[in-house]
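Consider the two complexes below, in which chain A is the common component and chain B and chain C are the respective partners.
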Partner chain A sequence: MKVKGRISSVHLFYVLVQSVIGVGLLSLPHQTHQKAGSDGWISILITGFFIHLIVLMIWLLCRKFPNLTLFDFSKVILGKTVGTVLNFLFIMYLLTIICYIFIIYTDTLKRWILPETPGWILLLILFVLLIYGSICSIRNMLSLFSFLFLFNLLLFCITFFVYKDPSLDVRYLFPIGSNGGWNILRSTEDTFVSFIGFETLLIYFAFMKQSKSISALKGAFSAIFFITTFLMYIVMISTVMLSPEEMKITQEPVLYILSAVEIRVLSRLDLIFLSFWGLVVFTTIISYSFSASLGISNLFRIKHKFAVMLAGTFVFIVSIIFYYMEITLIEEWLKHISLIFAVIIPVLLLFITIIFKREAASTYEEKEN
Partner chain B sequence: MRLKRNNSKKSLINQENLSIENIKLQLNHTSDLKEREIHSDKQTYIILYINSLVDQEKFESKIIKPLTKMENNDISNELYSQEISTTKSNKTAINGLLDGYCLLMEKGGSSEGFLLKANASTDREVAEPVVEKTILGAKVGFVESLDKNVFLLRAVTKSPDFTVKNYTLGSSTTTNVSLIYLDHMTDPEIVKKVDQRIKSITLDSIRSVGDIQDCIEDHTVTPFPQLLLTERPDKASANLKDGRVALILDGSPSVIILPATFMTFFQTPDDYITRWWLGSFFRFIRLFSYIIALILPASYVAFVSFHYEVIPLELVYSLQSSLSYVPFRPFIELMIMQLSFELLREASIRLPPSVATTFGIVGGLVVGTAMVEAGIVSYGGLIVVALTSVASFVQPNIEMSSSIRVLGFPLMLLASIFGFSGIVIGVLCVLIHLSRLTSFGFPYFSPFVPLNIKDFKDTILRVPSWMMYKQPKDSPHFKREIQSRKWKQDESEGPY
Partner chain C sequence: MRKRKTELVLLFFILPLLAGCWDERLLKNTRTVYLSGFDLVEEGDYQITSILRDMNISESSRGEISISNKLVTGNGSSIKEASVTIDRSVAGNYDPAKGRVLILGIDVAKGDIYNVLDALYRDPRVDLNAKIAVTDNSANEIITHLSKNEVEKGEYLYELIHSSEINSKIQDITLRSIRTYLFDEGKDFMLPYLSKDESDDEVKINGAALFHNNSFTGQFLSPAESTFLLLFMGKQSKKALLTERLDEEASVSVSYNVKNVSRELKLKKEEKVHADIMLQLDVEIVDYPPNHLYKQEVIDSLESQLSMILTEKADTLFKKLAENQSDVLGLGRELVAFHPSIWKEIKGENYYEHILVHPKVKVNIRNGKIMF
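Let's look at the complex of A and B:
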C-alpha cells in the first residue's frame, strides 16, 4: 500500500518531538542519577549523539523505499512470511509501549493528584482519548502536534521559576566526569528509554514530500537535537536543585523541585506542570497508536478506524490487567525490547537491504514530475 | 382533490404558449391579480399585474401614461420602466409577476409578452447596525432588501472585479440569493465550492440565513460557527478584499461571509481604525477573554475541590469562610449559578429597554447577593460566574460566545472528576476537534493548527497595514505594498 507524500520537514520535526518527549520526562533525572550520578547530562548527550546515528540509518533505509512504510518494505526486504511476522512483532512492540505509557501516567497521576480516583477510570479516559485522537488523517494529527508544540515550550518556561529557589547550587554538577567514563556510558542504557519514539520515523518518513532529499534528514536531526537539549536541561536543573541523597529517593525529581517553588499567585507549580505534562503524554500516545493502527490495518486489511479501535481495546485490556496485577514486567524489559526494535531491527534491515540489494519494485516508484 | 387540481395545473404549465387565462389559473385567480386594457393609437394592450406587489405611482407614471401616448409600436423604447424583457413562457411570466413585474401583451397579437419592472419596495431607511456596534466605524447597516444590500456593498467596494451571481432557491416559495466576490482576489476553488453547494440546496422554502447555513457548512456537529454573519457593509467589504465570499439573502439584514476561520470571529472594524498596537491589544484581550470564559469556571471547580493548595493561603481562608455555609459540591454550586445566569441572559434579550434596567438590578444584584447570603452559592462562585459572563460578552460575535456556554459545562464536569488534569483532557479534546474542522476546505483553526507564525500578523496581532504585504493563506492572489511608508526614508534626517 503506497501512501501519499504530504508532510514537510517542519512537520516531521513536530511529530518527532511530540513522539519522543513524553512519559519518561519526570523520572529521567532519577534514572540517570542511579549510575552516572551528577554526570547524567553527559550520558544524555552521548545517547543523543548515538540516536542521531540511528536516525541517519533509518533515513538511509527509508529512502530506498519512498512512500512505503515499514509495514510494506519489511515484506520487500525479508520476504512475505518473515516480513509479516516482523510487522506483527513491531505492532506488538508499539502497543506495549502504549501500555507502558498508560500505566506510568495513571500511576503518577494517582500518586500526585488523584489518590482516591480508581485507576481504571483514568485508563478509560486515556482509552477514549486514544480512540478520539487517532481516528484521523495524518494531516490532522500533524497540524494538531504543531500547535501542541507550544505547550512543550510552556513546560520549558515553567521550569524558569525554579531559579528563585535559594537551594540552587551549581556545585552539585562539579567535578564534571567524577563518576567515571564507564559509569556514564553504562547509564546510557537507562537514558535510551527516554529517547524511544524515534523509531516511529520508520513509518513517518514514508509520508514525507521528499523523503530522499537531505531536508527530511534535517527535520529529523533538528528534532533529535531539540529533544537532547530539552532532556539535558531537565536533568541539569534537577541535579543542581537536589542534593545527591535527595535524588536517590525522589522518583520524580522534576515535580519535586517545582513543588518547592512558590510564586504569589500559584502555590503549587508542580500540579500545573503535571497537568500540562499530560498533553505531552497524550501526543506520544496518539503518535504511537496512529503508527500501530497503520500497521494493523495493513496486516488485517481493515479500515483505519477499526484498526484504531482494535489497538485501543487491546491496550486498554492489557494495561488494566498489568495495572491491577501490579506486573512490572514491561518496565523491566522495556530497555531490552526497545533496543531490539528501535536499533537492532532497523540496522539489520539496512544491512540486508545493502547486501542483498533490495529495492522497492519499480511499480512502487513515484513518477517524478 | 388536491392531487387532481395539481395535475390539471401541471398540464397547463406544460403548455408553453403564453396566455392570460393560463396565468390566472396558475395564480388561483387571486384577488389582487389585476387586468387592465389600455388603448393606444393603433393597438389595444392587456396589462396584467399583482396589485399588492406593484408600486402604484411608478406603474401609473412610467407604464400607463407613456403607453397611452405611444405613437409607434416600439414598446422597449417608449416606456420608462427600469427593466424590460420579453418572454414567451408561462413560467418566467409568473415568476416575473411574483417579483413585482407587470406583464404587457398585445391584444390578439403574438404570444410574446413584455415584463416591465414596477415593483414596490419595502425598504426601510439605512440605519446604524444594532448588534455590531463600533466606536469609530461607519454607521451603516444592511437592510432587508437584496438590491439595496448589494448597492451598499458595492458602494464601499469600488472595483471592476466585483462580481455578483444570482440564484433562486426554494421549490415551493422562492427566495433570491446573491453570491458576491472579487474576481482576482478570491480563490476560484472557493467560489466553485460555494456555487456547487448553493446549487445543491433543494429545500422547499428558505426561512432565513440559518437554512442556507445548515445546508452549506462543512461540519454540522460542532459548537463552532463556520460562517460569519455580519450586518455591517464595511466589515463585509473588508472581508471581500481579504479574498472571502459574501452571500446575501433577500429579506435578511445578515450577510454570510465565508470561509470563516476561528480568528475571523475575533476581528472588528474598529481594529483597523484605531492605531495598530491598540488594535492588537484589543484583539489579544478578546482572545484572552475567550480562554478565561472557557476555563475559569472549570478551574474554580478544580481548585476548590481538588487543588486548594494551589491557591495562596490567604485566599483559601477567605474562600473557605463563605464556602463552608454552602451545602453543595462546587460543581453543583456553579451549575446552579450558571443556569440562573443563563436564565437572566435569555430573559433580558426580549425585554423592552425601560424594563431591562429594573430587571438587571433585581435579577443580577438582588438575586446574586441573596443567593450568597442564603448560603446557596459562595462569594467565590458568584465572582467566577459573573466574570465568566462578562468575559463572554466581550466576544464580538454572538455565535462564538455561545460556543463557550456549550463547552463550559462539560469542562466543569471533567474538572469536578479529574481536577486540573480533567481540564487539560477537555481542552485537548476541544483542540483535537478544532484541528479537524474545515471551512470550505480551509483549516478552521488556521494560524495555530497548522502552526504558522507568519499568519499571526493579521489574526492575533493587527500589524500596520503597510506591513501586511501578503494576505493570509486563504487568498494568495493579493499583495499590499510596503511602499506606502517609503516617505519615511526620504524625510528622515541624518545625524549631522
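Let's look at the complex of A and C:
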C-alpha cells in the first residue's frame, strides 16, 4: 500500500521536532543530574550524536522502500507472518508511549496547577484532543505542527527571563567532566528517553517527496540538531541556576526556576510555560497517534478515522487504569522498550535488508506471482 | 448543515470539560497573608505570627473598599502544625505561603533555618519571590510593632528591603535563591538584619546578618561593609554609594559611586589556602568639596589614598568573615569548580578556616558626571 501526500524536508523538520520535544523536557535536568551530575549536558550531547547515527540508519533503511511505511516494508523484509507480528508490537509500543505521555502530563499538571481537578478529566481532554488532532491527512497535521512550532520557540524565549536572577552561578558547570566519563556515558541511557520520537521517522520518510535524496536526511538531521541544542540549553540553564544538592530534590527544575521569575506585570512564569508546554506535548501525542493509526488501519484494513478512534480509546482506558492503580510499570520499562523499538529493530531491519538484498520491487513481484 | 449541527453538539460536550472549575480559589474565601514571622518558643515549638489583610466591600457606600488588618499567632511543633492552628482560629483558609516578607526570629535563625522553610517549598502556590529577613529579637515583636504603626505593613517591609537591595546595601535574596545557597556546600549568604530602633520607634535595616552553613552566626555587617562585600562578589546593583573619610582632623570626606568592578582571584595551596583577590573599582565621585579634580595629580593622589583606605577596610572585613567562617564570597564553590584537588583536601563543614584571604583594592576614578 503506497502512501499518498508529499512533504518536503522543511516539513520533516517540524514533524520531527514536534514528535521529540515533549513530556520529558521538564524533568530532564533532574534525571541527567542523578548520574552525570553537573555534566548532564555532555551526556545530552553524546546522546544527540548517537541519535544522528540512528537516524542515518533509518534513512538508509527507508530509502530502499520509497513511499512505503514501516508497516509495509516490515512484511517485505521479514515475510508476512513475522512482519505482521512486528507491526502489531510496534503499534503497541507507540500506544504505550502515548499512555506514558498521558500519565506524566496529567501528573505534572495536577502537581503544579490543578491539584483539585480529577485526573480523569485531564485524561479525557487529552483523549478528545488526540481524536481531534489525528483524524486528518498528513497535510493538515503538518500545517498544525508548523504553526505550533512557534510555541517551541516561545518556551525557549521564556527562559531568557531567568538570566537576571543574581543567584545564577556559572561555576556550577565546573569542573567539566568531574563525574567521570563512565557516569556520563551511563547517564545517556536516561537522556535517551527524552529523545524518543525520532523512530516515527520510520513512517514519515515514506511521505517524503524525494526520500532517496540527501535533502530528506538534511531535514531529519537539522531537527535532531535543534532538539539536542534545545535540550542541552535547558539542562545547562537548570544546572547554572540550582546548586547540585538542590537539584537532587527538585523534580521539575525548569518549572521551579520559572515560578520564581517576576517581571513587571507578570509573576509565576511557570504557569505560562506550562500552558505552552501543554501544546508542545499535544503535538507529540498527535504525531504518535497518527503513526499508530496508520499501522492499525494497515493491520486491520479499516479506515484511518476508525483506527484513530480505536487507538484513542485504547490509550484512554489503559492510561486511566494505570493512572488510578498507580502503576509505574511503563516508566520503569520505557527505557528498555524504547531502546528495542527505536534502535535495535531499525538496525536489525537494515542489516537483514542489506544481507538478503530485500527491495521494494520484490513486493510487487510477489504479488504478481 | 448536518455537519454543522454535529459540530455544535460536540462543542457542548467539550464545554463542561474546561478544567479550572475544580481549582478555582475565590478571593472571598481566602485570607491573604502579607507578612509572616517565625519564632521558636518553649519546648522547641514554632510560633507563627502573621498579618492577615481583609478587604471589605461595603454595600452602602457605593462599593468602597476598606482594608482591615488582623494579627494572628499560632503554635505548633512544626511550621505546618502551627499554620493549622492559625487556620482553626480564623475564618476562611489561612495560607502562610502568600507572604511577601518572611521574618525569622533570632532563635530560629540561629538554628537550621531550612527547618522553617521546608514546609513552604512543598507548597506549589508559594510566592518564591518573598524576601527573608532576620531580626535581633523575636519576629513576633517586630510584627506586632508593624501592625500598630505602619499602614502598609507587609508592603512597607518589602519596599524597605527592596530599596536596600537597589542601593547594594544587602544581598538580593529571595525565598528561591536562599534554597540554592542552603544546599550549596561552598557558599554562604547574608540576610537583611532588622531591628527596632528604640529612639524613633521604627523598624530599620541594621545591616546584613552573616550566615554559616544554615544558621545565623550572631554577627552582622554594617551597610557599608555589606556593600563593600557585594563589590567583592561582583553582585552590586547599579547603585553602590560609599563614603570614606580621608582626613580625620580636617574632616574631609569623599563619596563615590562604583560604576564597574573587575575582580581577579588567585587561589594557591601552601600550608593554608591563600586567596589573593585584586579588586579594581571604577568609581565616579559624587561628593568631594575640596574639588580640583581636573588636575591629574589630585586624581592620582585621591586614587592612591582611596585604594589604601579600602585595602585596609577589606582586611578587617575578611577578618570578620573568617572569625564567623562565613563564606559569603563563595570561595568554596570557586575551589570546587576550578581547583577540585585543593577542595578535596579541605572540604567539610568548616572548610573556611583553611582559607586565608589577602584582599587588595585599586580605585580608578572615572568622570561620568557633568563636572569634574
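In the analysis below, the second predicted complex is superposed on the first by the 360 of 369 C-alpha atoms of A that agree within 3 Å, B and C clash if a C-alpha of one lies under 4 Å from a C-alpha of the other, contacts with A are read in each partner's own complex, and residues count from 1 in each chain.
We take it that a residue touches a chain if its C-beta (ideal position, glycine included) is under 8 Å from a C-beta of that chain, and two chains touch if they have at least 3 such contacts.
A quick note: this is a predicted structure, and the numbers were derived from the prediction, not measured.
Engineer: Is A:149 touching the first partner chain B, the second partner chain C, both, or neither of them?
Structural biologist: first
Engineer: Name the contact category of A:113: first (chain B only), second (chain C only), both, or neither.
Structural biologist: Touch status of A:113: both partners.
Engineer: For A:310, is the partner it touches chain B (first), chain C (second), both, or none of the two (neither)?
Structural biologist: A:310 sits against neither chain B nor chain C.
Engineer: Between chain B (first) and chain C (second), which, if any, makes contact with A:125: first, second, both or neither?
Structural biologist: Both partners, chain B and chain C.
Engineer: Of the partners chain B and chain C, which touch A:330 in the superposed model: first, second, both, neither?
Structural biologist: So A:330 meets neither chain B nor chain C here.
Engineer: For A:279, is the partner it touches chain B (first), chain C (second), both, or none of the two (neither)?
Structural biologist: first
Engineer: Could you say whether A:271 touches chain B, chain C, both of them, or neither, answering first, second, both or neither?
Structural biologist: It touches chain B, and chain C stays clear.
Engineer: Show which residues of chain A both chain B and chain C reach, each in its own complex.
Structural biologist: Correct list for chain A: 113-114, 117, 121-122, 125, 267.
Engineer: Report the residues of chain A in contact with chain C in the complex, numbered from low to high.
Structural biologist: Those residues of chain A that touch chain C are 111-118, 121-122, 124-125, 128, 165-167, 169, 171-175, 178, 241-246, 249, 256-257, 259-260, 262, 267.
Engineer: Enumerate the contact residues on chain C facing chain A in the complex.
Structural biologist: Residues in contact with chain A: 14, 17, 19-20, 22-23, 124, 127-129, 171-177, 179-185, 187, 235, 330, 333-334, 336-338, 340.
Engineer: Please output the residues of chain A touching chain B within their complex, sorted ascending.
Structural biologist: Residues of chain A touching chain B: 11, 14, 109, 113-114, 117, 121-122, 125, 129, 132-133, 136, 140, 142-144, 146-150, 264-268, 271-272, 274-276, 278-279, 282.
Engineer: So in the complex, the part of chain B that touches chain A is made up of which residues?
Structural biologist: 306-307, 309-313, 417-421, 423-425, 428-429, 431-432, 435-436, 443, 445, 448-451
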